[in-house]
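I've put the structures underneath this note.
One chain, chain A, links the two complexes that follow: it is found with chain B in the first and with chain C in the second.
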Partner chain A sequence: MCADPKVLEGLSWFACYLTTPKHFQFYLSFLTVLALIFITAPFTLLLGFAGALATRSRFLPLRWIGTAYTSMVRGVPDIVFFLFVPIALDQVLEYARHRVLCPEVTDPVYRGNDFVVCAIAKLPLNSAPQWTHEIYGFALAIVAFSVVFGAFAANTIHGALSAVPREQLETARAFGLNERQTFRRIHLPQMWVYALPGLSNVWMILIKATPLLFLLGITDIVYWARELGGTKTSFFEYPHSDWRLWYFLVLLVFYLGLTSVSEKVFAALRRRVSRGQAVIGEIAEALR
Partner chain B sequence: MRKLLLAAAIAAFAATSAYAQQTIRMGTEGAYEPYNFINDKGEIDGFERELGDKLCEMTGYKCEWVKNDWDSIIPNLMSGNYDTIMAGMSITDERKEKIDFTQNYFPPAASAYVALKGATNDVTNGNVAVQVNTIQAGYIAQSKATIVEYAIADETVAAVRNGEADAVFADKDYLAKIVEESNGELIFVGEDIQLGGGIGMGVRKSDAAMRDKFDTAIAQLKKDGTLNTMIEKWFKIKNAF
Partner chain C sequence: MICGQALASYGFRSIGLGERALPRADIAVCEQIVLIGSGVIWNLYLAALAVVMGFFFATALAVAKNTANPWYRKPAAWFIFVFRGSPLFIQFFFAYEAFVLLPRAGIDIPLGIATITAETGWLTKAWLGALIVLFLNTSAYSAEIFYGALRAVPSGEIEAANAFGMSGFSRFRRIIWPTLLRLAWPSYTNEAIFLFHATTLVFFSGFPAWRQQGDALYYASYFAQRTFNPFVPYPIAAIYFIACTILIILLFGAINRRLNRHIDPEFRARLRFRPQFMR
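== the complex of A and B ==
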């Protein structure tokens, strides 16, 4: 049916237009964005905990590292990290491989403006299929996002850990629980009620920041919306005028849908985490 | 016995030639028809795709095509994300400071102004839309007009259509089809201006050997008329070289 688009009209033209392989790449890119969010979230929490615990540590160098991480990453504009981390990490890894895999090559790696490593040190290899390059780029993006949002999460978790009433911890010690047990059974579970507002905020900002994938050259939904929406002459099989408005409207609906679902999940989490706390209605006092 | 020897010889030959075949990653923009664009199958297509595949066939490289935004196309070449640039990039002295070029595979062509129907020639002194980091951007930046820059070529034309700019200044070969199919809404204004030294393949300065191989292949295509045939197919320009 879609073999000759020139003879199609109206609804059948649209049906064929919306099912071209190019459009399927657009639909798949929504999964890319969702994958980014759901893979980054646990790493963000991990880095957040690491940063918060480091900042609270009694071991001074660890405290410096924790403080430096949270304040530096929060102080520098996100875009700088998103552009710097993937490039820097890529070059660090390739340089390390270059030194290990071809030590006999003594030419400088930085030649003028070029960054040249021996062919087997490249990551991924030139001969590797394009999808490995794309996965690698995506992984670098996840690292960059996790580093940035981990710092915000670390700040939130640090505040939450400090907000748990001291009486709770003292009572735990009075009952004979040692430090590790206090932390694991009393401090940590009670921290969640104070951390939830901040962490839900970080989650929403993470959702809104996903179009930055586009800046990293990853073909995400913003890339496809711009590419598909632009005016197409009869060079293409399905010429059309400027439809960017409609494509970006679809993106808007997607993001609104994502945030509204997140809101519902967080509302349920708020109820769950308020159990055992002093409550007003169903929600803990701490969350008011 | 003889068949076994033959099979072994073929296998050895295939193995060595596969081992020897180097993969070259060709970088392109994918947003500049007819030079390079993404067709409805989602693949990179266009004059440069066809030419690039032919050059790779001639030089014995295995080519992998990579899409990269125009903005970062040169820095990413220098970082090693890919090995060549075939993206409608004109040879200019400014670019030669950072990368090397083969000889041009498309002759120096005119750049033209396009404006909305009814515009007079003095829109060329008003707000002129250009794509960033192009020779047209450089030209407008030092002319009397006010420069308005956009990331992709399609946005420059859209700017004229929705009134953000008075005119767009781009390669005439890119604008030709757009003006033709605009039903008279867009017209050429002002005079055509020759810019740049033609379109060439960009490579890193440290890849002189690969550049020479491609250079020889391009010269061969010019000599036997294959390049002219390709240019006529995509641009309807006869006897370009």
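== the complex of A and C ==
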């Protein structure tokens, strides 16, 4: 039916237009966005915990590292990190491989306006298939996102750990629980109710930062919206004028749906963790 | 003087003064420091105007969202939902595409005797188009903060105002508004900081940098691409942003002290880092 798009009209033209292979790649890229969110979230939580615990550590250098990590997102825009972390990490890895794999090369790696490592130190290798390059780029993006949102989460978790009433912990110690047990059985479970509003915030920021994948050179929904929406002359199979506005409208609606569904899920979760604690919803709300 | 040469050539490059061509080969650290610093002018310009104008619009939106009349409440609530629920990055792209579709020649606005021709071409430029998006965006976020504060104004204060025979605008202006600001200010400080940070998105999201006049991050990424060394330009940009963030905190802290000058220091709300539902 879609063999000759020139003769199609109206609804059938649109049906064929929206099912071209390129459009399926566009639809699949929505999954890329969701994949990024769901892969990044656990790492974010992990780094958040690491950062918060480091900030509270009794070992001074560790505390410095934790404080520096949690403070870094306060003063510097996250986009700076998104641009910096992938390329910096890539160069650090390539430099390390360069040192190990070709020790005979002694020239500096920064030569003029270029970064030169020997061919076998490249990541991924020039001979590698295209999909390795894509996976590598995606992995670097995940690291960048995790580092930045881990810092946001660390702020939240640190605040939540301090918000648990002191009496609770003192009572636990009075009952003979040691430090580790107090943390695992009393401190951590009670922390969630204070952390959840903040963590839901971090989740929202994470969702709303995903279009930045485009800046990292990944073919995500923004890339396809620009690609497919741009003016197509009669040279193309499906000629149309500049439709980027409508494609971006679709993205806008997609994100609005994503954030409002998340909001509902977090509201339910908040009710769940507040059960059995002497904290009314209003207070948890006010703390965020 | 340190960096004197670079300062003379590139000190105001971001607003079109000085040397025309950007440094290409043999880029000195001085040139990076000066040029990225000149880009900060853009960030400050966009953030300052958007926050100042957004402040008033946000107040109106918050009041509208709090009224019982659905003709005011619904549009305000939807406006806030759309701008807070979607990424700023997409908003920039969307607005840019919409501005591009406007007739290029300008729109004639008949005003009885004279006709004003609105320059639609300006809307596709960052200085106006991006400013409008940032203004609407910060209005939505601030309105939600103000709305929350408005609902937290103690009912006793309103009852006292009623007892004094105040109503309508004078009650709002003299009683509700000062308390609202006092309650909202710590969150509003965060909003101002993050709006300032969000200005870095402008030149990465559709709006072209006309004659390579861009913001701090635009120049930082230019240098990173030129020299293939991200370890110099990005930290320079980061230091500028930290410095500006500290300035914002000092400024808003001073305002906070003024708003709270009649309150016992023990009970004052402290400024805290809380990324509230950010973009």
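A few notes on this one:
Assume the second predicted complex is superposed on the first by the 276 of 288 C-alpha atoms of A that agree within 3 Å, B and C clash if a C-alpha of one lies under 4 Å from a C-alpha of the other, contacts with A are read in each partner's own complex, and residues count from 1 in each chain.
Throughout what follows, contacts are C-beta pairs under 8 Å (C-beta built on N, C-alpha and C of every residue); 3 or more make two chains touch, one makes a residue touch a chain.
All values reported here derive from a predicted model rather than from experimental measurement.
Touch criterion met: A:Q91 reaches chain B and chain C at once. When the shared chain is aligned, chain B and chain C each come close enough to touch A:D242. In the superposed pair of complexes, A:N201 makes contact with chain C only, with no contact to chain B.
In the superposition on chain A, no contact is made by A:Y27 with either chain B or chain C.
After overlaying the two complexes on the shared chain, residue contacts for A:T233 are found with chain B alone; chain C is out of touch.
Of the two partner chains placed around the shared chain by superposition, chain B and chain C are both touched by A:F115. More residues of chain A are in touch with C than with the other of chain B and chain C.
Of the two partner chains placed by the overlay, only chain C lies in contact with A:G75; chain B stays clear of it.
Residues 87, 91, 112-115, 226, 242, 244 of chain A lie in contact with chain B in one complex and with chain C in the other. Against chain A, in their complex, chain B makes its touches with residues 22-25, 30-31, 33-34, 37-42, 62, 64-69, 72, 76, 78-80, 83, 98, 152, 154-155, 157-158, 161, 177-178, 180-181, 204-206.
Interface residues of chain C, counted against chain A in their complex, comprise 25, 27, 81-82, 84-91, 93-94, 97-98, 100-101, 193, 197-198, 200-201, 204, 217, 220-221, 224, 226-231, 234, 237-238, 241-242, 245-246, 273-279.
Those residues of chain A whose C-beta lies close enough to touch chain B in the complex are 20-22, 24-25, 87, 90-91, 94, 111-117, 119, 122, 125-127, 129-130, 133, 217, 219, 226-227, 230-231, 233-239, 242, 244. Listed in rising order, the residues of chain A touching chain C in the complex are 73-80, 83-84, 87-88, 91, 110, 112-115, 152, 155, 198, 201-202, 204-205, 207-212, 214-215, 222, 225-226, 229, 242, 244-245, 248-249, 251-252, 255-256, 259-260, 288.
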